[in-house]
Structures are given as structure tokens and as C-alpha cells.
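Order of writing sets the chain letters: A, B and C. Residues in each chain are counted from 1.
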Amino acid sequence: MAAAPSTYELVRRTPPLLYRWLGDRIFAVLVTLFGLTVMGLAISLAVVLFWEGSEAIKTFGFWGFLIGTTWDPALTLTFGTFPFLIGTVVTSVAALALSFFPALAVAIFSAEYAPRWLSHIIDALVDLIAAVPSVVVGIWGIFVLAPWLRDHFYLPLYMWAAESRPELLPIIGSPMGYGMTTAVIVLALMIVPFTAALSRDAIRLVPKAQREACWALGATRWEVIRMAVLPYARSGIVAGAILSFGRAIGETMAVAMLIGNKNTLPFDLFGPAATMPSVIINEFREAVENLHLSSLMAIGFYLFLISLIVNLLAAYIQRKMMVAGGRSA
Amino acid sequence: MHNQESTAAGRHAETAPAATDIRMETRKLSVFYGDTAGVNDVSLSMYNKKITALIGPSGCGKTTFLRSLNRMHDLTRGARVTGQALLDGSDIYAPKVDPVTVRRRVGMVFQKPTPFPTMSIYDNVVAGLKLVGIRNRAVLDEVAEKALRGAALWDEVKDRLKAPGGGISGGQQQRLSIARALAVEPEVLLMDEPTSSLDPQSTIRIEELMSELKKQVTIVIVTHNMQQASRISDYTAFFYVGDLVEFNPTAKMFTNPNQKRTEEYITGRFG
Amino acid sequence: MTAFNGNTTKTGSAALATPVLSLGRRYWRDRLMLGLLASSTILVLVPLFIVIAYVVVQGIGALNWDFFTQELGSPTRAHTGQPTGLVHTIIGTLVVDSMALIIAVPLGIGAGVMLAEYPDHRLNPLLRLLNDTLNGMPAILKGMLAFALIVKPMGTFSGLAGAVALTFVMLPIIARATESALDIIPWSIREAGLALGLPRWRVILSTIIPAAKVGLVTGILIAFARAAGEAAPLLFTSFGNNYLPSRWTGWLFGPVDTLPQRLYSLAISPYKQWHEMGWAAGIVLLVMVILLFITARVTVRRA
């Protein structure tokens, strides 16, 4: 048996390859592979959707598919996504308009007015709303909100219009409870936490010095918010609103459960409509014709493009409106 | 600690001008953060149209003391002020006194320039006036020009009043902050190390400006730069771990201080 | 008031002395805004409690022993009062979600490590952009991608496809969370490890990642909670199933039921008994998501 190596020899021994350049090389390659996988996924999302939808896009044309107003999977097999595009844009814009100021109010209240314990609670609850699954909101919408809106809001208004302003009926539309307005309300509810959380983060990033400078001018709390805080945080707030808009565009389940699913224009105020995600959810599992499936995939591709534009726009605005200067030179 | 205060008060009684010249005065003012005192029982007089410099090693409470003079501590969670701070003889911490009004009479300029970056130079200057609802263009124009002239910035920016307030140099930004504070015509101007983030050239401009300004307002300045204190101030107060160690006319303070610790600090043996 | 310039004209000082807006009105405005902001906050938070309360009240009745032990079967079962439940759904959810987690965690952490530990990597700006793009995409598109990549070649809906779809949901969240968790660790700690003669990979694995553990765990929990509530990516990947699979391989290679997708199917079904089970499924889903969420919050607080 060989003598055991001395401590000195042990310490000076050349470490195994893994502990020299080879280990680091392998690790770097591995990590890069993981990174490439993520990148590959993002790219393949676009490529695959385009590829799968290419039959529809080829048949109806890139713009033709987008602005085609007929969606007929049963008889003529004609597909155009315009009604869903309109449905998506209108519901998302309306939901953002409905939720923006309440969400901003929550952010301001939590960041500026509420004592610390209360703002912790508010922040946690806001995050909790964001965590409630879409389908749970959906089932509540189907069995509680929609019937309630129908009985206390849509029907009375419809009755009133039928009696005294019949010319309004086509605008109001069917008051059955499942339709555009219900979807918008639920959508607004669901994007509030995103707008609120992103605005709150933007407000919290406003330097203390800006606030104090305004206080020192003899401003009240609200004046400090209006004069120093909101202008400084505007890029984050606007970018947050756009990101929330992006969320609204992609929100699927609750909308599909509540919007009533009507595939033809025109849509009216209370009556059923459809959005791009909702039509995919409703028809994907039943699509038997190749062209039908391809058309749904193509809708997915356009949805990808719209989401991409919205996300890039948010990033651009964040940068563009970012407050330059104001810090010490 | 109590002793300290009474000796300090006694000391400036000998050298002080007539009491009617006191613009602002604290009596046994303490500031607590939670349970720890950041400023201990400080009694100090700030004379009308003079510059009072507050010096001391960092963490000695001089900025904390300064911020108690326009109730900025109201905004800090867990901060509490006891004692009195008299402005023209009435306590700004008295029950019914409104902090917003106090801050209009006692303006403040901070360590770093704080122009509102989304506003133009012009809008920055008149920000304090717009708060109280003054929208009359002629009035605003007049005040803006006067304040900018007062802050020795007018000639440099008069051709680009609509340019963003964050787009000028650091020294100009600081003078803009001063102009904004001056526009509401405060009686006292608090300055918290106003030149510490500026280059020597800009520092000199601000110092010149201060000696010009003291013809109109009472200035209290915190500085960590003893040369600056000796150059510009009429009175100097030396703070050490929350206590006011010595208060004297600047000339005396820098040539023949009463306290050993003051001398040690001024000669650079600690701090 | 002291004028600081000799030639003050009358208009100026007069205007300053008598402000247009009195202090009282300014404070009134401040209080009005406080009132508006506070009531908006309540308005926004109230629906949360309404939704939770409804789900609990409506679903608690259906949350019995059968619910956790029986499979759903055909609608007649519920009609005729035979025992029916969602045991296959609960198991399916656990199987699909944990499979997704197993795939997503190493990939996501790996990508996050690339972003944080190799800051000079030439691909990083692109990776960050694409990761954010993936994160911003509607979950339904990720389901369509998994459909095209897994379901179509395999020729069948499967739990595996569902897991892959959820992986796409989790992955960008985990990668981002990993990056920010690692970014907080100061470089000096890395340098200390490297100075000992340890290779970089060893420093990252035994020093940096343990130091960033809290951030990583929180990110993973949040990603998991997000994915666990998603129904859209599962509808055409794991598809759904009214029965327990006959063999264990069915969980992987056959259609599998999951809670969000089952909740959707129950809610839009025409059967009253199924609606009740839908509410009950809502309770289970909510409890699951809220527990994950609270765990994530508590982990952060502890740190």
C-alpha cells in the first residue's frame, strides 16, 4: 500500500478537470442552451402559428383574412377575423377606460395616503385579485353577475327604450345578460390589479427629493401628488396601462364564458359578441375542416402580432417618456 | 444634556444683537426617531437677514435640526418633535398652526437640485404660485423674472424659459431650485448642503448669491465644508451627536472657540 | 412680507398677499381627493370578496366525500344521484402541474442564470426581449403552440401536452424572477468564491443560488400559481376526461382532466348538479392558488 499523501500534497494537487476550465465550459454551454430554449420558444410561437395558419392566410390573403367580415365554418367555409378583431379591441379599450382611474386611485391611495399597515393590506389584496383564476371569475360572472345585470340594468333599460326611445333598441341590443357590456365589466375587474400594481411601482420610484421639494413650497398632500409625483411617474403609469391593455386583449376564459359568442357584426351594447381568444376557445376543439382549424391558428397568429405590438409599445413609451435629467448633473 | 443647552444659551446671550432681530428661534427643540433622539434640547436663535451656518460631523443632527424648522419631519413616519420653534415669536409647532403655511414662510433648498423634470424652467419657478391659484400671466411673468434675477439665473435662461427644468447644468438647476423657493417670498430660507453636489465654479456662484440674498431673507445653511461656513456665514452653530455644542459669531467661532470640542473639530482633529 | 428685490410693483405683492385659492379650499380639495381615492380603493377591492364569498357559499355543499373520491362519469350519474366527484381532476391537476414545474424550473433558472451571471453574453439583450415577449403573450397561444408541437405529432391529447403548455406559461416568469433574484447578490460574493480558486459553476451553484433562494422560491411559486389557474392552454392539450385513466400511463399519454378546464366545462354545461360541482371546483382552485400566493408572500416577509 502506498503511503497516504501528506497534507501539503493534498492541498497542492491539481483539481480535477471539472474544477478547471472544463467545468466552466460545460456550465456555460448548458446555461446558454437553456437560454436558447426560451428564445426558441418565443420565436417558434410566431413561426408555428404562422405555419399552421398559412393555409387560411394563403386562401384569404394576409389583409383579406384580417378584414374579412364573414366567419362561416358550416356552409361556405369562408373565414375572416374582422368581427373578432373589433370585439377584442372594443372590449379591451372599454375595459381599460373603465378600470384605469379606479386602478390609479388604488395605487395613489396605497402609495401616498394609506398608513404603512393599510398599504400592505391593500397591496396584498390587489395581488390576490390578480391571482384569482380567470375561470373562477367566469363562473361567478355566468351565475351571479350576468343575471344580476340583466335583471337590474339591461332589462329595465331595454324596456324603457322599447317604450319611449325605440330608435335606441338596435344600439342597446339583446338584454339577455351575456354580451359585450358584461364582458367589459368583468375584463375591467380583471385588469385592475395589473394597472394598479404597475402604477404603484412607478409611483414608489419617484425620488423622495421630488416630493420634499414640493412639500417645501408649501403644498398640500394632493398638490404634491399632482405636481411632483404623477408627472414624474407618468411613463411607468402609461406603460402599465398599455401592458394591462395587452392583458385584456389576451384574457380568454372569463370573456369566452360571458360574451355570448356571436360571430357576425354588428355588435351592440348589451348583446352578444366575440373576441379573438373567445372564438378560438369555442371552436378549436370542434374544428374538423382543415381550413377551419387553420383559420383559428391564423387568428392566433394575428393575436400574437397585436400582443407583440402592444408589448413593444409599452416598452417604447416607458423609455420615451422616462423623465430625463432632474437628477444632479 | 440639559446643562449643555443652558450654557449654550447663556453664551450667545453675551454676543447676541438685540432680541428684536431674532427671526427664528428654537427652545429646547428635540427630534426623535422612534425612541432615539436625533436632536437634543437645542435652543438656538437665527438672526434677521443673517446667515447662520450649522456645522458638525455627519450624523450630528444638523440636517435633522434644519428640517425641524419648516416641519418637514411631519412627513417622516415615526419622527416626533418636542419643544418650540418660534417664527417671529410664535411657535410653528403650536396646535392650530398649519404646516403648509409654515413651509410657505420658511422655504427650503436641498442637497441635490430638485427641479421638477416634467416642467419648464418657467413653470418650475412659478410652481409655488400656481399652487395658490395664481394664474394671471402678467403676475406670474413678473414674479418669475424677479425670482430668476434674485437667483442670478435670469441672464442664462431668459431665452429658454420654456425649456425643461431638468435640461440645464447642475449649478443652474440648483439656482433654479433657489429661484423657485424665492418666488413665494419666504421670510426664512433653509439650505441643506446646497453646494455639496456641485462643482467648485457653481459653488462659488451659489455662495455669492447667498450673500446677495441675505439682504432680503434670513438664511440657515447646513454645510459640511468649514471653509464655506467661515466664508459666508455671520453666525455658526456647532452640533455634535444631537447636541448644540457652541453657537457664536462666525469670526469668533473660527478664531477663538469657547469649547474644546469645537476647536478640535474645526482644526480637523475629528469629524 | 419681506420683498427681496427693491422694485416690487404693487401687482406682484398684492397677488401674493391675497392668493386666489384660500388655504381652506386647498385643504378641502386635499380631503376631497382622499375621499375619492379611498372610495375607489374600496370599490376595486369589494368585488374580490364578493367573488370569493359566492364561490364558497355556492360550492361548499358539493364539497363532500364523493367529491374527493369519485370520478365524474357521464351526466346521468349526477342526474340519477349516483356518487360522482372530481378525484380524477384533482389527481390530473397535480400530475400536469408538477410535470410542468419539473420541466420549467431547471429551464427557467438556467435562462435566468444566463441573464444574471453572464451579463456580457452577446445573446442576453435578445433573450431578455424574447423572454418578455413570451411572458406577455396570451396563455391561449401557448396552448396552441403545445397543440402543434405535441398533440399533432402524437395524434392524441395528453397530460404531457398540457404540462408542456403550462411550462410555456411558467418559464418566462421563472427566468425573470431568477434574474432579479440573482442580480441582488453583490458581485463581491462571487469574487470571494472565485478568489478561493473555485470554478464559476461551483460558485454559482453553491454560493449564489443558495443566497438567492428566497427570490427563486417566490418566483417559482408565483409562476406555479399563475399556471395552476390557467384553463385556456389546457383545453386543447390535456383536453379533459370524465374518467380515471385505466392505466397509469394514461396520466401522461392520454387526455387528462384538470381543475380549471373542468370548472369551465362544468360551468357551461346545462346540468344543475354539475354547476354546483363547478363552484366546488372553484373552491379547490381558489384555495390552491391562495395558499400558493400566501406561501410566496410569507417567504418574502421572512427574508
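Throughout what follows, a contact is a pair of C-beta atoms (placed from the backbone, for glycine too) under 8 Å apart; a residue touches a chain by one contact, two chains touch by 3 or more.
Given the structure is predicted, the values throughout are model-derived calculations rather than measurements.
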item: Of all other chains, the one whose Cα centre sits farthest from chain C; value: B
item: Most heavily contacting chain pair (counted by C-beta pairs in contact); value: A-C
item: Distance between chain centroids, defined by C-alpha means - chain B, chain C (Å); value: 50
item: Chain A and chain C, separation of their C-alpha mean positions in angstrom; value: 13
item: Residues within chain C bordering two or more other chains; value: 26-27
item: Overlap residues in chain A, where contacts from two or more other chains coincide; value: 220, 223
item: Junction residues of chain B - those touching two or more other chains; value: 100-101, 131, 184
item: Contact set on chain A toward chain C in their complex; value: 15, 18-20, 23-24, 26-28, 30-39, 41-45, 48-49, 51-52, 101-103, 105-106, 108-110, 113, 122, 124-129, 131-140, 142-144, 189, 192, 196, 220-223, 225, 243, 246, 249-253, 257, 277, 280-281, 284-285, 297, 300, 303-304, 307-308, 310-311, 315
item: Complex interface listing, chain C residues touching chain B; value: 1-5, 8-9, 11-13, 15-16, 19-21, 23, 26-27
item: Touching residues (chain side chain C, partner chain A) in the complex; value: 26-27, 29-30, 33-34, 36-38, 40-41, 43-45, 47-48, 50-52, 54-55, 58, 106-111, 113-115, 117-118, 121, 123, 126-127, 130-134, 136-142, 144-145, 147-149, 168, 171-172, 175, 197-202, 204, 225-226, 228-232, 235-236, 239, 260-261, 263-264, 267-268, 275, 278-279, 282, 285-286, 289-290, 292-293, 297
item: Complex contact set, residues of chain B against chain A; value: 70, 72, 75, 77, 100-104, 107-108, 110, 112-119, 127-128, 131, 164-167, 169-171, 173, 177, 180-181, 184, 197-198
item: Of all residues in chain A, those that touch chain B in their complex; value: 116, 209-220, 223, 227-228, 231-232, 234, 323-329
